[in-house]
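Quick one: the structure is below, and I'll ask about it shortly.
Labels for the chains are A, B and C, by order of writing; each one numbers its residues from 1.
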Amino acid sequence: MFYREAGQFKTSYKADQALFPILQDRVGLAVILITAFAVIPALANDFFLTSIMIPFLVFSLAAIGLNILTGFCGQLSLGTGAFMGVGAYAAYKLTSIFPDANVIVMVLLSGVFSAAIGAVFGLPSLRIKGLYLAVTTLAAQFFLEWCFIRIPWLYNYNASGAIEVPRREVFGIIATGAEATPLARYFIVLGITVLIAFLMANVLRGRIGRSWMMIRDMDIAAELMGIRPLQTKLMAFAVSSYICGVAGAMMVFFWLNAAEPSSYSIRLSFQVLFMVILGGLGSLGGAFMGAAFIWILPVILKFVPGLLGFDLAAETVEHATFMIVGALIIFFLIVEPHGFARLWQIAKQKLRVWPFPY
Amino acid sequence: MNAFVTEKTLPPADAKEAAEREVLLRVDNVSLTFGGVKAITDISFDIQKGEIRAIIGPNGAGKTSMLNVINGFYHPQEGTITWQGQVRRKMKPYEAASQGIARTFQNVALFKGMTTLDNIMSGRSLRMHKNFFWQLLWRGPAEREEIEHRRKVEDIIDFLEIQAIRKTPVGRLPYGLQKRVELGRALAMEPDLLLLDEPMAGMNLEEKEDMSRFIIDVNQEFGTTIALIEHDMGVVMDLSDRVVVLDYGKKIADGPPEEVQASQAVIDAYLGVSH
Amino acid sequence: MLYDIFIDPFVQMYQMPDFFLQVLWEGFVAGILYALIALGFVLIFKASGVFNFAQGIMVVFAGLTLVGLNENGVPAYLALILTIGVMGVLAYGVERVVMRPLVNQPEIILLMATIGLTYFLVGFGEFVFGGEPKQMITEQLGLPTGSTAFEFGDRGLVILQHIDIAAAVIAVVMVTALGVFFNKTRIGRALRAVADDHQAALSVGISLNQIWAIVWFAAGLVALATGIMWGARSDVSFALEIVAFKALPVLILGGFTSIPGAIVGGLIIGFGEKIGELYWGGLVGGGIESWLAYIIALIFLLFRPQGLFGERIIERI
């Protein structure tokens, strides 16, 4: 009823290839952006910002990063956590070496380091495919984790072995460190995430995005059509790792304040992978939906027993959460293997023809 | 099926002219083995500019392997390939593509997750050059380039009469249409040589007629040289200017359709004689 | 520096052969355990093309169930039988709830589903039996616990734990039994048919559901044996999850479908890892055991993408 494209004619190819060719979608996006930039900051309390919104955005960005590689270019990666860690440690070193530089610039720069390392670990992808490639990224995961522990230079020879984010100001506002307000952090994280998501949407609809999808769908045919497989895959690795690196740096700078090597363990890799799969491989919007589901569900589950009047030990709740998340993952894979993004499309299709079934 | 074929049959003057056309690609003494298995043995033939060249033979005769050698997917152990006057032995598939060789596949090899439009756009990849940073921005050069190529792609979509399925993911299309989209994707590359691997396999009569018309139109309107593998002898004999026949990896006949049809070796290969 | 890398370790091996032999033995035992985990993967992969990520957790889960039952007063052998029953129920449940609805999905979706299963089993295991590490009931099960020291000339001692020897023997028995089962029985042939092509197997009247339940049960039994052996060496805890990842490089070396490959791959990784750690690890600060296996597999893959026993892949189009 409300979602109809009838009567909206495109008179140029330009209008036809816009990101959101349908008016209702554009309105929907505007509403979401206004909510994110104005409504949430005005209404939300600190808990909501720090425990839900900031991690959600950080994970969304990481999921976008992994989605570029796995969802769009078809290269399975289990090393996301480590690539995020590279970003975090690089940002930490950069802010230690250049204490006066703008910390946001440093965070964005840190991704360059993870991009380089990601590309190095992407090199074997020329010869190795599918599950075999998972070994390469597992090697990256465990090797880099080991580096975070064994190379004291990376954490400035702290006794604790952890990195702690120093206080930094951006334009007179405290952006990082314990005194930074959740609101300031939220705006920085939101800004970076939205910006990168928008830029990626551009890349994905053009030549480069198409070449990634060609490799994903049928690498041999892509090569016979003039795509250089190594270049294309390495680019996907680099871009993906850049985004993951920035997400990892944001994770410690604007959310956790401190991180140790175990923060970037294989568990994190899997968490992000779940977000991508459940959200929908090959969908940017799906990355947000997957992140929301995987991050917010456990937070809600934590409060359910209390609301229902049960008094359960925190441990028991955590175990139950594991069980429920695992079961839901299987459930959603069975219901819709292509993730929330596909469910969303089906819903839109139904709306389009409503009130008729077809 | 015969209605349009009569239009196509060239007058004798054209046939003579064809014999004098320049050679676009020449295969000399090519042999290809996998482990101990000989797929192709010592084959030589040429493809002239502007002709439709058919490669036929029973199953397992090495036809597809021959195409794979031509566009660099397999590397022959012996022999050379001369492409537009340049002799080569080894070439990467993407190099072949960038030098103007396009192809379609026996088992449709479309990009299943993409729409018809994107699949055909993918054929333009080699001709699009705006780098990553322009792509990030989109507004400006990258968008202009995209629209410019979109125009060309829309021409191909019109030519193949597939406007209605422009935005449909190709995985959902019926087989005949998939084959047509694949042809469109190869055409988008604006190739000098178009290799078609069984373009009509598994099609019904009407679809075959449509496809035949497209092949003839491509050849005559765009002047594209075509090499095709096909099992439907009626189609092959009507469409092609010259035919090369392979059997067990060896060449057993080469020449105009009538000549090949009359050849005893070809009749033996198809009907079978005791070896 | 070069001396430390290329010469010194070998000098040490020569000068202290008892230590070297001990390292080899450690590598052998670790290798057997990797091989056992990999074996579970191979079983399921062979029969369904599913890369079962949950195999590592099934090992822990089986061990936990056994110990947990015993703690609650069930006699050891009865607990063992009950645990076998639990693994059977698990196999049936997985087939019914996970595999059957996901027939014909791409392999990455199936892989994801088994990761989901991993999460579920971790949560379930901890929920029922608690999260803290447990002691394996080695003695109650009648497994040997002592150790024997072999004099090695006048140079020193090599100590062999009896439980390790038992592990090796059980591994050999299991591999032989599985080999016979796969190659000589009707179900074994059906298994191989299913592995090749689900639809073709269905069309000749093989029940996919039955086959899958059987392989998951077999993998569950392998997991139980692995759990007992592993538990006897350290303890039963979810730390094993990380170790289970090492099955992946083992499988890369041995090939995803080869049972002997799993054993050989396991041993290569086991030996390589222990020798690397003890002779070269010190140069970079130790702890390289955590990633060495993957690097070995990676280097190997670059030269032989099809694995040790795989055939050369000819790409067709």
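Please note the rule applied: a contact is a pair of C-beta atoms (placed from the backbone, for glycine too) under 8 Å apart; a residue touches a chain by one contact, two chains touch by 3 or more.
All of these numbers come straight from a predicted model, not from anything done at the bench.
Counted by C-beta pairs in contact, the busier of A-C and A-B is A-C.
Taking each chain's centre as the mean of its C-alpha atoms, the one that lies farthest from the centre of chain B is C.
Ranked by how close its C-alpha mean sits to the mean of all protein C-alpha atoms, the top chain is A. Taking each chain's centre as the mean of its C-alpha atoms, chain B lies 49 Å from chain C. Chain C has its Cα centroid 33 Å from the Cα centroid of chain A.
Centre-to-centre spacing of chain A and chain B amounts to 42 Å, using the average Cα coordinate of each chain.
Across the assembly, chain A contributes residues 220-221, 224 that each touch 2 or more other chains. Shown for chain C are the residues in touch with two or more other chains, namely 315, 317.
Counting partners per residue, chain B has 73, 105, 109 as the residues that reach two or more other chains. Put simply, chain A touches chain C in their complex at residues 76, 124, 127-128, 130-132, 134-136, 138-139, 142-143, 145-146, 149-150, 220-221, 224, 266, 270, 273-274, 277, 281, 315-316, 319-330, 333-334, 337.
Taken together, the chain B residues at the contact with chain A in this complex read 71, 73, 92-94, 96-98, 102-103, 105, 109-114, 118, 121-123, 125-126, 128, 130, 132, 135-138, 142-143, 145-147, 150-151, 154, 185, 189. For chain A in complex with chain B, the residues that touch the partner chain are 12-14, 17, 199, 202-203, 205-211, 213-214, 216-218, 220-229, 235, 282. On chain C, the positions that touch chain A within their shared complex are 51, 97-98, 101-102, 105-109, 111-113, 115-124, 126-127, 131, 242, 245, 248-249, 252, 256, 284-288, 290-291, 294-295, 297-298, 301-302, 305, 315, 317.
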